[in-house]
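Shared chain: subunit A. Partners: subunit B in the first complex, subunit C in the second.
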Partner chain A sequence: MEPITLVIILVCIIIGGMLGSLGVHLLPVGGAPAAMATATGIATGCVMLMTGSAVTGLFTASSVATFWESNPSVLLVSLSGGVGAMLMMGFTMLIANLIYIFGAGVVPVSGRAAVDPITKESQTEYKTPRTDGHGVPNVCFYSGIVGGFVGGFGGALIYVVLVSSGYAGFSVETAVVVALGIFIANAIMAAYNIGGTIEGFHDPKFKERIVTGLTCAFVISLMCGIMVLIAIETGTLGAGGVL
Partner chain B sequence: MPVISLFAWMLVIVFLAFVACMFEDLESDVGSQSNPNSQVQLAPEMGYIHRYYNKAISGEGLSYALACTIAGTIALLLLLQFEPTYGPKAAILAIPVGAAVGSISHMIRSSVCYPGREAAHKRFEQPIYLDVFYGHLVPIATHNFIAVICITAIAYIQSHLTVLSGVSGTSNPFPLPLLCLIWGITVGAIGSSTGDIHYGTEREFQDRPFGEGRRVIYHGQICRYGDCGIRTSKDVVAFCAKYGGPATGLTFGLIVLFENWRTVIGMMLGGLTGAAWNPGIAAASGVGLGIAVAIVLIVLNTWLVRWARKKYGPFVGE
Partner chain C sequence: MTVTPAVEEEEKKGEKPKEKFKFSFDYFNESRLGIFALVVGAIIAVAAFFPSLPAFVKGIGVMAVILWGADSVRKTARYGLGTGVPSIGVLAVGFGLVGATTGMAIGSEIYHYFGSIGILGALAGVAFMAVIGYVSGVLANSERFIGMKIPGLERGMAELAMAGTLAIILECSIVAGSWYIGDILSPIKGYNIAPVAFIAVMFILAGFGMLQPYNSCLGADERRGRTLLMAIEIGGINCIILGAVATLSLGAVQGVPLLVMGAIVWVVFYRAYMKACMDESYATPGTGLIKTLGG
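Here is the complex of A and B:
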């Protein structure tokens, strides 16, 4: 394989992994406390949420990739994946808010910001004392939408570069498993970096930890990318890297 | 005509997705899995001896990914065995048998969880109630079976869509077990993100004031009494089936609907195969439609939050 092609594959894997990590940091994740309306965000873990949204995007991306007989458009397939993940996050956050508002009678409110940085709505007086906020307020919703898009774009980018016959040329099955593996490794490292709950880009944690998170994502994706290149060059994943 | 068939199959998938995610959430309620189970786990330490079923095999996404992948693998093996002889009719046998194996494996994991977790609570004098143990296994398996059979059927339809709808190139390239894995992760992630709120915030703390977040000091102090007698997890599922479960099903149903809808509409705008087929227009149209749906969601959420703030007002109380 041409050296320039190998470099492009490596760069795309690194970009995809770093976008996945950035996406996790942008999601409003409340973890277990959010299920009791004790913390703002979505009531599940970072990895589960990001993986769930990314695989939804990956499903659509895989369908879109089959539109081309060979060499699918990297940009359009990645965008399809990003939009798929964005829609998954959007519907999940909207229905979660419906349950918070009508099932528990709770007003969505941020625990980390006194005023919503985008809508400028005050938050503090709506918050229940001795909680860290509850529900998915508007700023978290916007952050989640962007996070879903960024993460889904990254996951689909890795997939399309691996499956495209112009690049790695893996079989569909191998490409999706490798893409998911790289993505989940980055998501787990991001979850460790966050260490609990995060509300999105306006959360002080985001500014404090995003550099560390992206640096880790770069290192992990680089190592994963080198493994992929070795597999391609040595034909470890079947003849010529194709199962 | 084939396009209508494609839309009809899309709607079948959406219906199955609705049922799958609703039963996934209800199964996580009857077995007490995922995030709200942290309170069931904490309760004996706070002196609250309870009769809830205590099962947290893993995160819902992973446990459902495993159950669905087992079901999909068994179904694929049966299809490979019987499809050459019986054709598509083989699915009538393969999908239920695969789902049954998946749900039995889930039930076995559930049966190991309860004694293990409650035995660890011996120091807090939490007994292992055998009637709770035996009484919840069948509801767990049956709820799980409905969810897994729907996911396996969705995966089967999506991987055989070209044959079923008569439109070439519509089958998803992923094999059946991989589709089961993907939808298993997604259905678990959604069930954990949305349905758990109704169980964790409302049902577990029903004796606390309605309309406020559950304060940290309440944690572990779960509501242990039902309308009549002592509450078990079977009473939880009956409550959550009225709102949390259907809302969760709606989430997954809407996601699957709009994901497939924008792809199919994009394909139609791109020429729907044949000489006029333009993959670039098809893909770009799908992306454009998806962004339009996302904008609608943003507007809806902004309006919803604003409505709730106006209707409920600032927090009142101590």
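Here is the complex of A and C:
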């Protein structure tokens, strides 16, 4: 394969991995405290949220990619993956909020910001003392939607570059498996970087740790990308390249 | 006068699990178990290239590798990861997906040109993954990056990446008969699905075997022997499910022995695990939902 194609594939894998890491940092992750409605966010870990939305993104991306015979449009397929992941995150946050509001009886309120940076609503009065916020307030919802979109876009970008016969030309299943592997490795390193809970882009933790997270994502995506390039160079993984 | 009873009590506490329970994994400490599982897993993974190798031998390899992975998860996750135990088990198989795909591709390509010596190429994927796992462990542990400060995280992540890769290669070869990439990518006879698609199932099967034992057993009185019993038990469940799939894809000759072996392992180790739990706990009220042994 031509060196320039290999470089494009490597760059797309690195961009996809870094976008996945950025997406994880944007999600409203509540962890175990959120299960008792004593922290803002959805009551599960980063890995579960991001894997769920990324897998949905890969579903939509692979469905959209089937509209083309061989050379799917990279931008459109990646965007469709982003939209799929965004919808998944949106539904998750909506249902979580329904449970928090009508089940647990709490007001969605951010614990880390005194005033909602987008809607300018005041938050502090509604926060129960000694808790770290509840539910998924507006700013977290926006942040989560953007996080889902960015993460899904990254995952789908890796997928489409691997599946397109103009680039790597893997079979559909192999491309999904490899994209999922790279994405999960990045998402988990981002989860370790966050270390528990995060609310979104307005959280002070985000500014503190995003550089570290993206650096780690760069290194890991680079190494995984080199492995994938070795696999591409063997020429055995393509849909038409089976020996 | 006052010292003697305390010492006696301590000794009693130390002996208690040993005398009541024989599966204590005393000989297989963390290093020995790692070397044993790596050697057994690597030999079986290389030999799994040949379709004539019975599936239940590969099943034994899968169980050894999953046992090793569960031990590594226990080693690293007991200091507290901050995101829950499942994350590190999923990380292991996530690395394993990339490593196994590359390893199988490299092995098949070298085999294509240089004959049967090429089947050692699959181990290249394992070796690459060990390096990537070690580097990600350094990134996670180093003060300059994430700074998790977990002792032995570098080694643990390298081990987990290797275990994940070996598990995926072995499970692929069980479904397809061989990890030769042509067999992995071409559809199963009579079905419109390629064995590589089953990796989605294998992903969570192998990950479950690695993460679930420590996730369910963690706590103040967690004991290594008891936790690892559950790892073998889930290895048995893996073999049952893969045996059913192999019966469809390869036929009863390959699938049924694996299924039977998995069922036997599952029953034996489920009993052993439940017995260990009953013996080591203070009291056990049964809910009646699951038929437990005398509980």
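What we mean here is this: the second predicted complex is superposed on the first by the 234 of 243 C-alpha atoms of A that agree within 3 Å, B and C clash if a C-alpha of one lies under 4 Å from a C-alpha of the other, contacts with A are read in each partner's own complex, and residues count from 1 in each chain.
We adopt the following convention: contacts are C-beta pairs under 8 Å (C-beta built on N, C-alpha and C of every residue); 3 or more make two chains touch, one makes a residue touch a chain.
If you're wondering where the values come from, they're calculated on a predicted model, not measured in any experiment.
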item: Subunit C versus subunit B on the shared subunit A, clash or fit after superposition; value: clash
item: Subunit B versus subunit C as contact partner of A:130, first or second or both or neither; value: first
item: Residue contacts with subunit A in the superposition, subunit B compared against subunit C; value: B
item: Which superposed partner A:71 touches (first subunit B, second subunit C, both, neither); value: neither
item: Partner chain(s) touched by A:193 [first = subunit B, second = subunit C, both, neither]; value: second
item: First (subunit B), second (subunit C), both or neither touched by A:234; value: second
item: Subunit B versus subunit C as contact partner of A:212, first or second or both or neither; value: second
item: Touching partner for A:51 - first (subunit B), second (subunit C), both, neither; value: both
item: Which of subunit B and subunit C A:165 touches, first, second, both or neither; value: neither
item: First, second, both or neither for A:80, with subunit B first and subunit C second; value: first
item: Overlap of subunit C and subunit B interfaces on subunit A (superposed complexes); value: 31, 45, 47-48, 51, 173, 176-177
item: Subunit C - residues contacting subunit A, complex; value: 81-84, 86-88, 90-91, 94-99, 101-102, 105-106, 108-109, 112, 125, 128-129, 131-132, 135-136, 139-140, 145-146, 148, 181-182, 185-186, 194, 196-197, 199-200, 203
item: Complex interface listing, subunit B residues touching subunit A; value: 34-36, 38-39, 59-62, 169, 172-175, 178-179, 182, 185-186, 188-190, 192-202, 204-205, 210-219, 243-244, 247-248, 250-251, 254-255, 258-259, 262-263, 266-267, 270, 279-280, 282-284, 286-287, 290-291, 293-294, 297-298, 300-302, 304-306, 308-309, 312, 314-315, 318
item: Subunit C-facing residues of subunit A, complex; value: 31, 45-48, 51, 171, 173-174, 176-178, 180-185, 188-189, 191-196, 212, 215-216, 219-220, 223-224, 227-228, 230-231, 234-237, 242-243
item: Partner subunit B, residues of subunit A touching it in the complex; value: 31-32, 34-38, 42-45, 47-49, 51-53, 55-56, 58-60, 62-68, 72-73, 76-77, 79-80, 83-84, 86-88, 90-108, 119, 121, 125-131, 133-138, 141-142, 145, 172-173, 176-177
